[in-house]
Amino acid sequence: MATVKNPIPTNQNLQSAINNMKLTIDNKPIDVAGGTTVYEAAKQAGIIIPRLCYLNLETLGIENKPAGCRICVVEIEGRRNLAPSCATLCADGMIVKTSSPRVLNARKTVLELLLSDHPKDCLICPKSGRCELQNLAVCLGIREIHAVENAEVSTYRKDHSPSIIRDMDKCVMCRRCETVCNTVQTVGALSAVNRGFMAVVAPAFEQDLQDSPCTFCGQCVAVCPTGALTEVDHTSRVIRALADPTKTVVVQTAPAVRAALGEEFGMAPGTLVTGKMVAALRQIGFDYVFDTDFAADLTIMEEGAELLARLRRMLEGDRKVKLPILTSCCPAWVNFFEQNYPDMLDVPSTARSPQQMFGAIAKTFLADRLGVRRDNLVVVSIMPCLAKKYECRRNEFKVDGNPDVDFALSTRELAHLIKEANIRFNTLPDEDFDAPMGESTGAGVIFGTTGGVIEAATRTACELFTGRQLERVDFQELRGMEGIRTASVDFNGTPIHIGIAHQLGNARKLLDGIRAGMYHFHAIEIMACPGGCVGGGGQPLHLGNADVIRARRQALYREDAQKPLRKSHENPCIQQLYSEFLDHPLSEKAHRLLHTRYFDRSVKIER
Amino acid sequence: MDSVNYNEREAPAGSSNGAGAGLKACQVQAIKNICQSFHNDEGELINILHKTQEAFGYLPPEVQAVVAGELRIPAAKVYGIVTFYTFFTMQPKGKYPISVCLGTACYVRGSEKIVEALKKELDIDIGGITPDGKFSIDSLRCVGACGLAPVMLIGDRVHGRVDALHIKDILAQYP
Amino acid sequence: MAIYKIHLLVCGGTGCRASESAAVVESLRASLTAAGLSDEAQVVATGCFGFCEQGPIVKVMPDNTFYTGVTPADAAEIVAEHVLKGRQVARLLYTDPQHKTPVSDAKQMGFYRKQLRVALRNCGFIDPENIDEYIARDGYAALATVLSDYSPRAAIDVVKRSGLRGRGGGGFPTGLKWEIACGRQADRKYVVCNADEGDPGAFMDRSILEGDPHSILEAMMICGYCIGADRGLIYIRAEYPLAIHRLEVAIGQARACGLLGADIMGTGFDFDIELRYGAGAFVCGEETALIRSMEGRRGEPTVKPPYPAESGYRGQPTNVNNVETFANIPVIFLKGADWFAGIGSERSKGTKVFALAGKINNVGLIEVPMGITLREVIFEIGGGIKDGKRFKAVQTGGPSGGCLTEKHLDTPIDFDTLLAAGSMMGSGGMIVMDEDDCMVSIAKFYLEFTVDESCGKCAPCRIGNKRLYEVLRKITLGHGTADDLEYMRNLSTVIKDTALCGLGQTSPNPVLSTLDNFRSEYEAHIFDHKCPAGQCKALKHYFILPEKCTGCTACARSCAVNAIVGERRQAHSIIQNKCIRCGACIEKCKFEAIQVN
Amino acid sequence: MEKIKSLDDLRKKRQELESQLRLREKSNAPESLVQIKVAMATCGIAAGARAVMNTLIERTAAEALPVIVTQTGCMGYCHSEPTVEVHLPGKEAVVFGRVDARKAIDIIEKYIKRGELLDGIIPQNYERI
């Protein structure tokens, strides 16, 4: 039939989807497995087709392919229209042209359209230099945009949250953030709203992100191709604090940062740059360079003590004890359960996160030691995370309005700061953290990966519970990349059931599973981001590449293995802190400084 | 494991989480009833919103939030739907909502002039409502009364073969 | 049971209801009762007669008298004269616009002479809210035949042999579509009726649903039997309250009779139908968007494949056909595939329903054999151009179609010829334009529609159509450049080539077809700053002929922006850059001194 | 509503209901039918045209004859009322005068069924008043 050129696939060619098939792409013959898209087939043939919206989040097992940008279109012989290569399956005998003049003209015209509805303030855009749209404009040589008088440019209110800035004027409707927020994280803060020219991704009622169910996990920022979603940048304010002679500025670095920072300087994923990072921070001008791992060990002391206390009560037959205990180090996870499980606020550990424990100790114990007034001590943290920016602003973590942690910079911001300071990072000599809050054990290091917190807690809890030295420190059963992992650890004859989830979607599944009676656990570790903090929203962009995340995790396990001390309770500086300042875990002082409360933050709509 | 008393908790009802603030209890209940009549099925969201708009006249945020809570879906999703379909409105309508057909048949027979005349007469824009809440103007695409073009609806009543010069007289029929 | 000697059929379609046909029905019934004739004459509210221009229509059977523009006040006279005394009420008879003579027999009206009613066979003939009338007209007999005499494959073969193609726009062969859905293995399959008719100026589907809802139910059941589905869904525009009501009534009656539900007519075949409402999104006429909308989501289309036949509603194989396509199915089984294939042109079989509107005398719903010429439709059925103006163009296919001109008048119209002429069949809107219509403005009108209705998912449609619209606006304001034409052509080609769904892929058609057929009009706007049709306000120039101006100052006093200057008793003049072209001065001038060009 | 439980039920129901629409079906294609027009002007009605018409309709309906009965205005034969015009397909129309119920049956039985002419035909050239 003359008008029908895109035939509906018949049973025969569906059959061929299972088998291998031969096709020709840009005159190259290629064999691919059934079910391969044209985009992937071209990649296998060494042809990278330009694309914008398409994103294969391998790690998460999810592909974002709305086929909306139409940049990756190709010409397929026999088809009336150009086909989006990302969403078109190969068929046997297909002849594909990825860069014919017809394709090039279409691709450039569509890109010109996208640019015609995009601000041209690249000079000061936070994404400049790593913006996928900008790269495309460079690659395809766009030199002018047809001028139409009074051409409308879609504009939206800019939304500043404590962690994330939404500048939707720069949105290209790739829908990656929507996919991540809904399908992966099941947070549901974002949805496509409006339609046509005014279509955009936004929270309900276009309210501020801060008033939405957003957890600030930052995974949307991590996948945004343009400057539409970016982190709140505090580098300038940190520089100002460093330049202020009245301020003493201390910095803490989270474990996951050292496994990824090198990538921003061209190093392979998983390169450990702990020593170089310390050197760089010192060179930038921080007065003291400390390690969040120290606070991670402290967290284990408190959280481990809490776990043991609850376990003991359970074994003594107390039926009211809150079990399983849930970890509380991940601020996006804390936000998530405050939003979604307001009936369960008494279940998670009350222990603050390492960042906040560090801040609280720094502004009391350390300030005292250094003889610096609280408001003259500036605590900066380097975090793989954007939710940490929100966390450090929470009122619970302020004393008389002064926050325990003043600024939380992301790994990306630190990389930028190092570049701004003109430091040749790659050739820096390794340096060590300062004492006392730079001392840490291997247990603190593995906080940066999924399963790490619970492994660290297990090392300490098991030894304290049984009173015997552990025979093996590595709990392989707690390590893995499955979205939900379950394991049992023998506590002297008592099996302790442990659940581990990373990504909030898996966390939801786990919690709903518990409610449905599918699981029974004593302890659960939850991290909001893929792979744990190594895949955090503040890390160098991994763009869904599972290998990058795996390499970062391995680096942390490597550092753990190299550490002379690997159990938090063996950290001499921690022991000293308790003896000189805190007394003992769960003491009154520890409660005041190291524990917190949770609030019902389920979304309320006010008129 | 009996000590895991966490399992004994009941999941909170969807709308106990504060959605619905600003609505009267009976209004919240009315929305819940509508949702239940569709078995709280997410797939019926559009039908549910139709019924809800029928009941409330429009779909303000607090109403959408209750629907979202009942169906256990994000409010953003409900909002995404409400803003996608032109039939749904977040603005209250006038006592006499006016809809001018801007379908092709009416367009070529001069419906634009009617819109202009209405805007001028009522001093509001399309999508607007008069300060006294009496009239609101909207446009729609084809009510299928093309034989009577140009056509305008006031409430349910169809005014056919409308002449821009007679707008004032037509409006005067509505007290 | 009383045998009525006279049936008074009153159109109860949306168009006529808007002109108070319901009151006419009441009034006729009251008059009959008053005259003691309620046992002799029956008043039936039917579906649309198609002749919407002059509603409300009352058709008197058996003598086929066609009364137009009937008001409730006319009822008494119709009863007293026609029913009682057999005398036609001459003043209510339809008057032929060309010969100015009243027509007493509807069959002699030009509007009906060339029509062939297949899909509309019951519209305006039966009471759509009475299943008995449908059954009396062989209703559900096709279903009975299929269930008793055909295997699903054999029944699909009948549809294939009939040559029926989808009436929703694309023209995909219906039998083939069913065959593909039939071949899929699944626990559950769905039959969907697409009643989301959204073309501005088109109301074919609405009229069928209002006039003959049971035929759609019957066809969906036949389809369900053929593809192995037991669920049907009708996706209908919420803007069609009457059609929704009639469908609800029909579904209720069919269920009550056991014609919907489990074990239909003892054959073991189960089928039930539910309604799903649209909510005002044109794009939901596209089948993948429609399915997403039925699932309670934003109606954004998805890439095909997978086609709905593979993965449709709730991920199950789903067959989507539009209302008019379904309306043809029962007749094909009653009269045979060969009968159907004998109507129409070589590759477009059967008839097509068009909504004829615009600058034409007989606005209404018509059904004609495929292959009829535009000339026959416009000048014979449509009765020619209104007010004796000159025909300029006819737009088919709605926002996806194009404008055809005088040179296309003798082209036989079917799926393929319209496509070849740069337009398309679409769902059947047909808008006639005369010399007063500016084709640049018409293109702008359609683009404005597309911009409003674009879902925003893909960039070419979301931004490209907006830019096309803006360029058109620029041209109508007299600011166009030669570059703009080149830019529009390239942009249109790329949008067609790259947009995700049918809406985007066809949206530039109104631009391309007007560029092809009316290029000189574009050039007049751009180079001469003139709108030949005199529609573009910004290109109008008002000026005063000094020899005619008496200096009465009436015009100057009427000018809201003080653009007219001149001393009393001396010729006035208009300051062009102040003039807002409102036309107020022309109305005030008694001496025809003010001219526009 | 009565359930249709089998294909036969549907067939029966259709047969029952068919007569309801027969009038409309017939008027769709009157050329192929016997068309009977009864003059129903005031004079006709006064002379009993209504009873004649009822007889014609009931009788033809009962026998399901291919007949369509319509009414018409005054044919001008006031002296011969009630008058009935019968138009057999392919033949000239014939007008019968002074028709009563009995004669109406005769018209059906003799003229319509068998084509036999009977008394009372008003010649076409007969003087009209």
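Letters A, B, C and D name the chains as they come in the text, with residue numbers starting at 1 for each one.
The definition used in the following text is that a residue touches a chain if its C-beta (ideal position, glycine included) is under 8 Å from a C-beta of that chain, and two chains touch if they have at least 3 such contacts.
If you're wondering where the values come from, they're calculated on a predicted model, not measured in any experiment.
Looking at which of B-C and C-D shares more C-beta pairs in contact, the answer is the pair B-C.
Remark: the per-chain Cα centre closest to the mean position of all protein Cα atoms belongs to B. Work out the mean CA point of subunit B and of subunit D, and you get 57 Å between them.
Subunit B and subunit C have Cα centroids separated by 25 Å.
With each centre defined as the average position of its C-alpha atoms, the distance from subunit A to subunit D rounds to 89 Å. Taking the mean of the C-alpha atoms as each chain's centre, subunit C and subunit D sit 40 Å apart.
With touch defined as above, residues shared between interfaces to two or more other chains in subunit A number as follows: 192, 194-195. Multi-chain contact residues, meaning those touching two or more other chains, occur in subunit B at positions 80, 84. Within subunit D, contacts with two or more other chains are made by no residue at all.
Those chain pairs judged to touch are A-B, A-C, B-C, C-D. Those residues of subunit A lying in contact with subunit C across their complex are 1-4, 6, 8-11, 14, 66-71, 73, 81-82, 84, 87-89, 102, 105-106, 109-110, 113-114, 116-117, 146, 148-152, 172-173, 192, 194-199. Those residues of subunit C lying in contact with subunit B across their complex are 14-15, 17-19, 51-55, 198-203, 206-207, 238-240, 276-282, 293-299, 314, 355, 357-359, 363-364, 395, 398, 429, 431, 433, 437, 442, 445-446, 449, 455. If you check the complex, the residues on subunit C that touch subunit D are 1, 3-7, 9, 61-64, 84-88, 125-126, 131-133, 135-141, 144, 147-148, 253, 256-259, 265-267. Residue ranges on subunit A touching subunit B, taken from their complex, read 182, 187-195, 202-206, 212-213, 314, 318-324, 342-344, 347, 497, 514-515, 517, 520-521, 600, 602-607.
Remark: subunit C residues 165, 170-173, 176-177, 180, 183, 281, 298, 300, 302-305, 307, 309-310, 347, 415-416, 419, 451-460, 462-464, 466-467, 470-471, 474, 479, 483, 487, 490-491, 494, 496-500, 505 touch subunit A in the complex.
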